[in-house]
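Have a look at this one.
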Amino acid sequence: MAQLFILSSISLLFIGLFGVLTRKNIVKILIALNIMETGINLLLVAFGYVENGIVPILTSNESIMNLTKMVDPVPQALVLTSIVIGLGTTAFSLALAIRYRYNHNSLSIRASEEEEGVNI
Amino acid sequence: MRDERSLFINIVALLILSVIGFYIYKVSMDTGKGIKITDNITPQMRVADRFMNKNVIKEESKYVWGGTAENTSANIVTSVVVDYRLFDTTLEVIVLFVTILGFGFVIPKDKRKIIKPTTILNRWAPILMILMLMIGGYMFVNGHLSPGGGFPAGAIISTAVLIGVLAGRKTLSQKTLKIIEAVAGISIFSLGIASFVITGNFFQNFILNDRIGDLFSAGLIPIFYGLIAFKVAAELSNIYFEFYEEC
Amino acid sequence: MNSIVFLIVIPLIAAFLSLFLGKNDKILAYIVTLFNIIFSILILFSGKIPFNVAIGGWRAPYGINYAVTDLTIFFLVLVNVAALLALTSVREIMEYQFYSFYFVLLSSTNGIVLTGDLFNFFLFIELSTFAVAGLISYKRDRLSTGAALKYLILSSTASIFSLAAIGLIYKTLGTLNFADIANKVNNLNEASLSLILILYISSLLVELKIFPFNMWVVKAYEASKTSVNLFIHGMLGTAGIYGVLRILLMVFSKETGKLTLSGNLSSILMLFAFVTVIIGEIGALTEKNMKKILAFSSMAQLGIVLFGISLGSFDALKGVLYIVISNYLAKFVMFLTVNEFSKVSGSTNYLDMKGLGRRYPVLAISFTISALSLMGIPFFAGFWGKISIIGNAVFSGKLELIGAVLILIASVIEGVYYLRISHTFFSQGHEREGRISRVYCLLPMILALVILFIGINPDSFENIISILLDEIKSPEKYIKLILSLK
Amino acid sequence: MVNRVYYLGLIIAFIMAFGSLWALLTDDLFKAIVVFGIVSLSSSVMFLLMQAPDVAITEAAIGSGITTALFIFTYKKLEDRKDER
Amino acid sequence: MVEIFIIPLVTAFLLAIFIRNKKVVWPLFLISNLYILLKLWTLFGKWEIEKTIYTNYELFGAKLSFTLSNNPLGWYFAFFSAVITLVISVFSLGFNQKTKENVAPIWMLIIFSNLGIFFAADWITFFMMWELMGWTSFFAITNGRDKALNEAKYYLVLSLLGASSMLIGIILLGALTGSFEIFASAYGLVQVFYSEKALSIAAIMLLLFAFFIKSAIFPFYMWPSKVYAVGPEDYITFMSSVMIKYGIYPIAMFIVPVVGSLDLPKILNTANWIQYFVGYLGAISAVLGTILAIFQTDMKKLFAYSSVANMGYILLGFASMNIVGFEGALFHAVNHMVLKAAIFLTLAAVIFRTGESEMHKLGGLVYRMPITFLTFLLGIIAAAGIPPLNGFGSKWMIIQALMSQKMIIFAIAMIFASTGAFMYLFRALASIFLGQLPDRFKDIKEVPLTMLIPMIIMMIGMLLIGVVPGVVMKPLTTALRAVGYNVNIASWTSLEGALKNSTIDLTLVFLIFLGGFVISAIMYILGNKSETVPQEDNYTGGEYPEEWGVNADRFNYSYSFYQPFKEMFEPLLEKISIDEFFASIGRNFEYMSATVQGLFRRGEGAVLLFSIGVLLLILGGWII
């Protein structure tokens, strides 16, 4: 089970990296980045996974007895943070992409920026 | 977006990926001594063990359901996020603040006409909004007991604002959002400073002696979560306003 | 000493306040920056260094901790002073977002230096990335939008890599604390460690402007205002160097305080370092835009820094610290000079600045002094770094020898383009209308005099450096300090 | 029981892999965005399978919901711009 | 001891403050130089004076210290260069009335580094002063004028390269011998030479590389002609007479004693390979400098190549490893200082009045500037090595030393170069001062008194040294004895030779030549008078070349004077075009620069390059 999780998240990571490397459209690159982020989040949680584990939430005295069966809560906490960071990155980059599109009339990452000269 | 070098770059990218993949495979198959990345290390061998046993301060201490502990949140993830590693979470809030600030700063503000919403949406919007607010409120209030917490709660609350915007109802002004955002942010740190004044430590959970499993337990955690939820909601609502408000 | 957190919290609160203050933001910025400087200097002289602060009362390997040691406080003062110096170049009225980004950058760079937790460090780096991206895009024109976007995409990719490394560290060692990692890193499998290091170092090198990772540098410098350049150089750059010193030398090092990375990683880093130096200097050779020249040059200087670190000897590390301080001061002088001159000449092309050195000799001489310091000419601070690094490289091995020779050749190229610029300042130019106030000449002059002072009297700086080196030499003290806290 | 969960995980993993590939390789931007939303949503199911309900809810609300919404807003804004010219 | 270092610094600072006020700057410059000279005079014989500054800076586990000591050989160089500097600074008083730029503060810094180089007792101090001299020269050469930028850059690159190689050499030396002190490291190097042969030779070669660059020895012979053509003339005088000796001093100080003490296998029973290496470079410089000087049309370039040739003679003197050759080389260094200063002062005077430095545009200036002419005449007689003046004695000593060491090839090269020197020197004299005065220079006058006095002093100096060589040889031999060489103190008028019965009395020689001069003067007075015709009739035959669109100056007899000779040597010169080689390196760097800039301007492949970096990190573990 843990292997499945890790492999699927690594495949997402690789597909995302492939997209970031090869796509020209900025929105596509951002989608690829998001896929990578999803992949890394899955990977982190998968690192904390325990075979046949249970949710790290206490519901009664029994679950306190079963602490050893719980999955690791720390990676989950980290992933909570990293999801929000991903949202922030996406929002900021999208705004920049819109501005980029307005300035360059193109969404291609290769849109030329030959603008030398007066620049204080 | 076709490009003449497209194929070349694809091949290069695949090559890079395959080398990285092969390297990771090789590392995982390594037979040297020491801890490997494929080794199964249970949470009991990590720092998480102390978090689950809630005995970071006093070793060997045990706790029971309905009793007190150093941290009385039933949801251990929440206790890590909002107590043991609270500083990370506040920074995360700041990250969202900065990015949304940048978003509002960078996005081009051009006049755009708003399509008139349908009557049904306009009529039903308040009900939906209240529903969303309630769900969100429930989430952050119960963040220490059940899954959820401040971030999704904030997202859901912000959906209420989104519905309002889509339905053409003026709910909040951007100025109000800014104030909510700043007040929530400042109060998070004010709580930190308050705990510094009271206990001498920053961001210490200084409300003690409540019991695990109660609604009003876990000390400051629900308060922090509430602040975070409002802050996130205000920030996300800002995004919708940027897209859908006439400027 | 728990109040050390105020260094981070006060700027963050100011960031929220700055949304409402409008034109008073500038005053707030000065107040907060001065607070940070005074506070860090008070800590420096409090006599309680080293100490360790546990946030929220959770002790070290479990909660987040802030450790203040000699190395920390040195870089802390550098970062905060840089903030104040850079702030003096903000003249015109800025929108409130500028100050919000500035406050976040201030707090995050302070945090990078203070923190003792890997994930916290990562968050601060992210925070500074976003703040810098916002500052780069401040002008919102063609150039700055593209530059900010590309910087953001690159650093997000890098952050994903470092997150993977953090996850692997947590999976294998079960901890996120610097000291705890340093304590346990010897238990790690060799191959696994090098995988983790590759993932983590490649993200660190983005901030450190090392060659294959630094495509953002030149565009970002070109597209942004001078004050933003100074923020990137003085605050983010300095904090990044601290991060590399701390993480490579004291956290992931298997031997005490040396860069002994597994799998020949240090040789590759050295290769990167001197390729960066060469690329930076060659790129600047025919460039006309002063900002780009300075961007290329700071790239090259950081290449020398990494070269010194990867040599793995304490003498070379001493040289690194000299180079750091020389680059820190010199780039301030240069950017401030360019800022003033470009305002008079109306362009950042250095050929348009002809003759300004005759009208404002103080600025031009300060520029020349800093250029000579960067070249590693005697009587200036950079020389003591260069001689130490080159001296240690010559006898370390073949690759090191090649690197030393290449760095010397690069410094020749650096001499050509910098002194050419100085000459242009001093040559006969036509009359111009703009004026530079004498007050603005004062700061570059003082900084240049500091460079000269360190160059003539290395003793003044040598004593500080020996304290820092003592700390790097014995990471077990750091581990003990943090892990013993109950 | 374990087997059933395992197969569910397998199916979701395939959905995610193919979805992300599709999102990257398709020429239609809107399709890519929608498919990405699906990938993100299925990843939140994956989180649920990993016994991480907190992360799952957050991913569903923020990673899948709001991020996708952001993409769609952007898409619409860019499309509007295209019409104007 | 310390005052002579503080005074230049303080003066440089004051000069920088008063830079716009010429009435203050140059007198101050003069006074400071006078003070330095007087102070140096009092330092003679007090060899034990020493000043050390200790630091806490550690290198290779030892704390660095900077020592300045009054070492005899350094004093010898410093004193005579101070004399020359003083004379030039008198000249500058008058020369700089017209110029807009002001080179004085930078020049004063160079004088500081000059003293530092000659008095440094350890390599670190030496290196610091050496580097200081390199970049200050850049600013002195450009002096704020754009036309000099390219040449100054060329000089800067060479001197920085030299300094870099010297840095590595010093580090090697320090690590090998465990000391940065010059004498201690020389002694140590001899000790460890046989055990660490490769490293020791590398250290010597790296140091020699730097010294050769500074003294314009063969592969680096291009910079004087470039730099002298564009630099400010009074500063160029200083450069050609004093600064070009910076490479000679450390060779005499360090390389010669070390190589002399080593027991290396000899080639053909005459000398070891290092001697041959240095000797061949010297011989090539001498011959090549002479040949190139013959072809120049710009007088400053001509004498720049003449300097290269003279540096070659000095190197040949060192290569002989014979005490007479060594003395001769050091003697020639001072002789060259004096005569080159005299010649360049006259050139500066000519340029001051006419503004021309191309020789075929000048001519007949003897009628207008007689004293300048006389100085120039004596200068070229000295440079050609004709007996009554000072160039003769030292060349004679060097040739004797080479003959006595059986280095026949070098002696032939030197005789060839000396003969060739007649060709270019005579030609310069004829084209600048003799012949007919062009119409445009009808109204020029002799230079003012402040510029005449230095020239007269130089004349007297050349004659004095030529007739009474003891003026230089006595301090030199005293200094050499103080350093530890086993030499006799020279007498006032006679020079010792290396061969048997070769001691000559130069005063006697002077008297013989005086007799010859009187006879020829009588012949000139009693001879036929010349007839004057319009100048251009001489070489255009009454035609007007301007009508064909050709500049009439090109038909002047001194344009392409040695054309047949040039055609003879053309193939040789094409093959050894070092200049083209350096230029191609520069072009390649500029091409690469454009590529790098393009890479960073686009910046779209940021993530691609990032992953390539990761790839390299991964592959590095397997490959390296």
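In this document, chain identifiers A, B, C, D and E correspond to the written order of the chains, with residue numbering beginning at 1 in each.
Everything that follows uses one rule, which is that a residue touches a chain if its C-beta (ideal position, glycine included) is under 8 Å from a C-beta of that chain, and two chains touch if they have at least 3 such contacts.
Owing to the predicted nature of the structure, the values given are computational and were not obtained by experimental measurement.
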| item | value |
| --- | --- |
| Joint neighbours of chain C and chain B, given as chain labels | A, E |
| Geometric centre: closest chain by C-alpha means | C |
| Most distant chain from chain C by Cα centroid | E |
| Higher-contact pair (C-beta pairs counted), B-E versus A-E | B-E |
| Separation of mean Cα positions, chain B and chain A [Å, integer] | 14 |
| Between chain C and chain A, distance of the C-alpha-averaged centres to the nearest whole Å | 28 |
| Distance between the centres, which are taken as Cα means, of chain E and chain C, whole angstrom | 44 |
| Centre-of-Cα separation between chain E and chain D, whole angstrom | 76 |
| Chain B: positions in contact with at least two other chains | 1, 9, 12-13, 16, 20, 23-24, 46-48, 51, 75, 77, 85, 88, 91-92, 95, 98-99, 102, 104-106, 147, 149, 151, 239 |
| Chain A, residues touching no fewer than two other chains | 17-18, 20-21, 23, 25, 28, 30, 37, 48, 55-57, 70-71, 74, 76, 78, 80-81, 83-85, 87-89, 91-92, 94, 96-99, 102, 107, 109-110, 113 |
| In chain C, residues with contacts to at least two other chains | 119, 123, 126, 130, 133-134, 137, 140, 145-146, 148, 150, 153, 157, 168, 170-171, 176, 194, 219 |
| Pairwise chain contacts under the document criterion | A-B, A-C, A-D, A-E, B-C, B-D, B-E, C-E |
| Interface residues, chain D side, partner chain A - complex | 2, 5-6, 9-10, 12-13, 16-17, 20-21, 23-24, 29, 32-33, 36, 39-40, 43, 46-47, 49-55, 58-59, 62-63, 66-67, 70-71, 74-75, 77-78, 81 |
| Contact set on chain A toward chain D in their complex | 1, 4-5, 7-8, 11-12, 15-16, 18-19, 23, 25, 27-28, 30-32, 34-35, 37-38, 41-42, 45-46, 49, 52-57, 70-71, 76, 79-80, 83-84, 86-87, 90-91, 94, 97-98, 101-102, 107 |
| Contact footprint of chain E on chain B as seen in their complex | 9, 12-13, 16, 19-20, 23 |
| Complex contacts: residues of chain D adjacent to chain B | 27, 52-58, 60-62, 65-66, 69-70, 73, 77, 80 |
| Touch list for chain C against partner chain A, complex | 119, 123, 126, 130, 133-134, 137, 140-143, 145-146, 148-150, 152-153, 156-157, 159-160, 163-164, 166-168, 170-171, 176, 219, 222, 289, 291, 342-343, 346-349 |
